[in-house]
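One chain, chain A, appears in both complexes that follow, with chain B as partner in the first and chain C in the second.
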Partner chain A sequence: MLTFIVRRVLWAVLVMFVITVLVFVIFFKIPGVDPARAIAGRNPSPQILAEVRHQFGLDKPFPVQYGTMMKDLFITRDLVSYSNQGQKVVPEIAAATPATLSLVFGAAVIWVVMAIAMGVAAAVLRGTVWDPLLMIVALIGISMPVFWVGEVANLITQSRLHDTFLFSWVPPLGYTPLTQDPLGWFKGLLIPWVTLSILYIGLYARVLRANLIEVESEDFVRTARAKGLTERRVLLRHTLRNSMITFTSLFGLDFGVLVAGGALLTEVVFAIHGVGYLTYQSLTNLDLPTIMATVVYGAFFIVLANMLVDIGYAWLDPRVRPT
Partner chain B sequence: MAAILEQAEVATEVRPAVAGRNPWLLAGRQLWHNRIAMAALVLFLLIVVVCLAAPLYANHVAHVDAFANNLNGTTVVNGKQVPLLEQGGGVLRLGETPIGPTWDVHHYFLGADSLGRDVAARLLYGGRSSLIVGIGSAVICCVIATVLALIAGFFGSATDSLLSRSMDVIWAFPVYLLAICLGTVLLTHSNGFSVGPVHIDATSLWPPTLIIALIYVPYVYRPVRGQVLTVVNREFVQAAISQGASNVRLLFSDILPNVVSVVIVLLPLMIATTILTEAALSFLGVGVQPPNASWGTIINDGLTLLYTRPWVTLAPGIMIVLTVLALNVLGDGIRDALDPRAKLRVKG
Partner chain C sequence: MAEPLLEVRNLKVSFRSEDGVVKAVDGVSLTLAEGETLGIVGESGSGKSVTMMSVMRLITDPNARFEGEVIYKGRDLMALTQDQIRGIRGAGIAMIFQDPMTSLNPVHRVGWQIAEQIRAHERISEKAARARAIALLNSVGIPHASERVDDYPHHFSGGMRQRVMIAMALSCSPDILIADEPTTALDVTIQAQILRLIKELRDDFGTAVVLITHDMGVVAETADRVAVMYAGRIVEQGSRRDVFYQPQHPYTWGLLGSIARLDRPKPKRLATIPGLPPSLLNLASGCAFRVRCAHRFERCLQTPPLLDRLGNGHLDACHLEPQAKKDARAGAAPPELVEDAP
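Right after this comes the complex of A and B.
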């Protein structure tokens, strides 16, 4: 088990290295892209361009540039943004993290509860009209672009029905920190939570239903019934428990991706200044240090989630444990 | 009870005749009898046909140019000429609001956007771009992934580990971030870019198509490689090897036909995914570029008008939902027909 974990950690480090090089190459080596031009502003003179290049070390060889940036990012942690002069990148990301975490945690709670309810309901009601109906609803949820759902939610809660009793409590777009005003935090995030969770409710309900039906035909379920257990107990303690394995590992991966900046579209639509929003802004400004930092941060969470899921899986199921 | 008897009858009648039939024919027949999947196919084809007819609608029904600004234009509502952009209210009459939906197919059916362009005509042209990018990137992605999976699974050892590790690295990148990175770099300078002798214009549909195709390669690669690995060790492949079949022959006549069903199951689900991705990228401004429109860019155009003229945002979203829903239902049907054990799943 220990060698397994060590190997996973080494692999994770390698992946992070390759990703940082990849991002560096994308932004520096694709011909026609010039970070100096992005820093210098509109129509810079050649002298200013050269000065900017020298000042930001863009005239140095590629490995030196890469090394300097990694040193500033990981060791001295004083990497400075190109477009927002003087702004240090690492604290900027640290400041944006609570918003992203709030958004993703809340959405995750909603999607896990709703997906289990829908998946179990569909599997239990198999053969009735409710099962296909629930699955169609789940499929519609999967088919809706999240940013569009967000816009429609804004249209309804901020404009059309804002003056009715239904949505008069919805505050203007933006994020209120939990420590500052817990009630405002909750009110401001409720609509974004629901918006973000719709896709995942649909996905997970479908996966759970399929797994439940698959497990239903296993021998141990028959044995449990033969022992005379109640249907309720068979469902909760035997079928559901074994069906949750795929669900849990998927959850780990999706949660990692969302914390890593995958909630970017939701953050942009609801003006929540989290990590995804920061990434989006830095990309539009070609602000390489911020892009690099957010990508490293994102890759870190994804690799971490992958690693935890793998280790958890190996812990739960000895068959996948490598010797 | 009658239904069960009927089914039993059909089963006993059909079984002897079916034995030895082409598996594709069987799958096709099963799909044909899946009424929901067929309805989804009809809906999807309908959307494709309507979108392909965009120039016909623009030129012969609505008589508009979907891409030219029309700030001072007028249209007819209830027999009266009205300006497309209404001046704002108040003393200063600041700001302009484009005309809303007239629900008259000849005159700005869905209203105008902030540049006075016909939203309905743009919706159809946008659908063309969205479908071209979506289908194109899904097909390109599946072809690249299949070729790589064949190579990796067939040659094994070092080739396999190299390819599979590279895929894992792309996998560790959040797909949207990778796509937005590439989109930003390739589209923000207006001249386009050159790959060898081929010059690709940044405003053409190629950059988003290729970017989206690239980022989803690992998603198709993994299941296809798994299938290649199981097929490679089957007896018929061993028999072909012992008869001295060349590698190319083994790959394309023995292995490929046995993995292609995996790709076919994935294809409609991939198209659904790529259409959603295209919309997201275009919404963020790093997908389809003007003068081309797509459903994503129209939603983006509608943002400033969201509270006054919501149909500019609502209509393309509804089109996306219908298209993607049809593809997902169709994909489910194809999976049920081709892969009864249904182990495959694509994340949306």
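Right after this comes the complex of A and C.
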């Protein structure tokens, strides 16, 4: 177990190193991108540009720049944003994390519950019209881009039907911290949760249905029936239990990606100032320190999610447990 | 004669498929007495497994159609509700399957899987069910049963898993154990052990056994009575003695001829039955074996009924007269002998 964790941590360090170098190189190699120009403002004189370059260390050689940035990010943790003078990046990300976690956790609860309900229903109702009907609904869910669903949801709940009894409870866009106002937190996030989860409900329902049908033809399911178990028990304890192995490993990876900033579109559409939103802004402003910090943050969560998936996998499937 | 424990009456199972209707089982009738061992023999696709799976109502294919009756303790299993048949599965009639490697759920402990079956049929505490699981594992010869009860199936070898399956099948003291090719997936040495175990447990528990196999050797060792199936029908049925020493159907001759024997002179080649089993799709009437039979004649175009042609309870479905069969079998070139090296 210890070697497992050590190996994982070393792996994570390697992944982060490669990613940061890559981001660094890409950033400076993009044609037409000059961070100094972005920092200096409109129509800067050559003197000002040179001064900015010097001030931000942009005139130093590549490896030195990289080293300085990593030192500021990891050791002194006082890396400063290019576009937002004086704004320290690390606290900014720390402040944005709760919003992202709130959004992703809530959506995950909805998508897991709904996907299991739909997937199981479709598999059980196989041979009836309900199965293809549910799967078409799932496919529609997968096909709708999240930013479009988000905008439509905003149009309806913030504008068109906002004054009716249906959506008058919806607060204005933005994020209310849970610690400040739990009810406001919930109200403000409900629509974003549903929006974000739609794609995953569709995806997971389809995957689960296919997997349930596959497991259903396994010999041990026939054994379970031959034992005289109820259909319900065969489904829950034998078929679904085995299908959860696939479901869970998929879930861990998607969850990791979303926490890492993958909910960017949802955050932007609903003005939730999370890590995705931060990434989006830093990308539009070519703010290298923030980009770098969000990338490192994201890589960390993805590696963490992978590790949790592996542990969860061993927990669900005794065959892969180390002995 | 006492009421049989299980009686299958004219069972027909067909599957609708894209190419037409497949008659997997076409009018099978069987009886099983208490404590008796019935061997059902036939090649793959002869309908032997489908017959017994239908008895358990384990065929979930929505394209399957069933006809006929299966009488167990005065009740027609085919007419029972799902709830009623569930009470019989595992408790009255238990089944073990061909591949022990895949027949156990990989994510649950073996003791848990046995206890699950006990608790499905009896009001008993988890602890008591577990204690019984240990006792059962012990009785099927699993060493250190009280420790192994918490192991997962992948910790067991194939033979050991089949023992676990047998322990599970016997956990509710069923009247009937259906063993569907229980030794096919195992090594030969393990096969013998498992067969011996089934025999011992049958004697200890008084369980009637239906042994489905394609291996005449297995039947010779275990069965009291034998039914030979071909293309969804029973072609011969009788006591083990009769079927082995006076086989009446040319197909049975072929099966018996294909056993490699060490106590006879070595044939140059092991006898085979020419041709392949017929497709069960839109099977023409008449004897299904006729195309592969060396003794066919005009009457074979009519379906031969399964009759007691000898008057001793030994049934067969071949139009030949008993005497003609004797002659035909004697005349059918005996396996050629290899000249012993000088």
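Everything below uses one rule, namely that the second predicted complex is superposed on the first by the 303 of 323 C-alpha atoms of A that agree within 3 Å, B and C clash if a C-alpha of one lies under 4 Å from a C-alpha of the other, contacts with A are read in each partner's own complex, and residues count from 1 in each chain.
Simple rule for what comes next: contacts are C-beta pairs under 8 Å (C-beta built on N, C-alpha and C of every residue); 3 or more make two chains touch, one makes a residue touch a chain.
Model, not experiment: these values are computed from the prediction.
Of the two partner chains placed around the shared chain by superposition, neither chain B nor chain C is touched by A:86.
In the superposition on chain A, contact of A:127 is made with chain C only, not with chain B.
Of the two partners chain B and chain C, more residues of chain A are touched by B.
Of the two partner chains placed around the shared chain by superposition, chain C is the only one that A:225 touches, whereas chain B remains out of contact. Of the two partner chains placed by the overlay, only chain B lies in contact with A:148; chain C stays clear of it. Once the two complexes are overlaid on the shared chain, A:233 sits against chain C while remaining clear of chain B. Judged by the touch definition given at the top, the superposed model places A:172 against neither chain B nor chain C. Using the contact criterion defined above for the overlaid structures, shared-chain residue A:242 touches chain C, although it does not reach chain B. Touching chain A in their complex are the following residues of chain B: 168-169, 172-174, 176-177, 180-182, 184-186, 188-189, 191, 193-194, 272, 276, 279-280, 283-286, 296, 299, 302-303, 306-307, 310, 313-314, 317, 320-321, 324-325, 328-329, 332, 342, 345, 347-348. Every residue of chain A that touches chain B in the complex is listed here, in rising order: 15, 18-19, 22-23, 26-27, 30-33, 139-140, 142-148, 151-152, 154-155, 158-160, 199, 202-203, 207, 210, 257, 260-262, 264-265, 268, 279-280, 283-284, 286, 291, 295, 298-299, 302-303, 306. Within the complex, the chain C residues that touch chain A are 56, 58, 60, 62, 82, 86-91, 94-95, 97, 99, 102-108, 116-117, 120-121, 152, 154, 165, 168, 172. On the side of chain A, the complex with chain C involves touching residues 127, 218-220, 222-231, 233, 237-238, 241-242, 245, 316-319.
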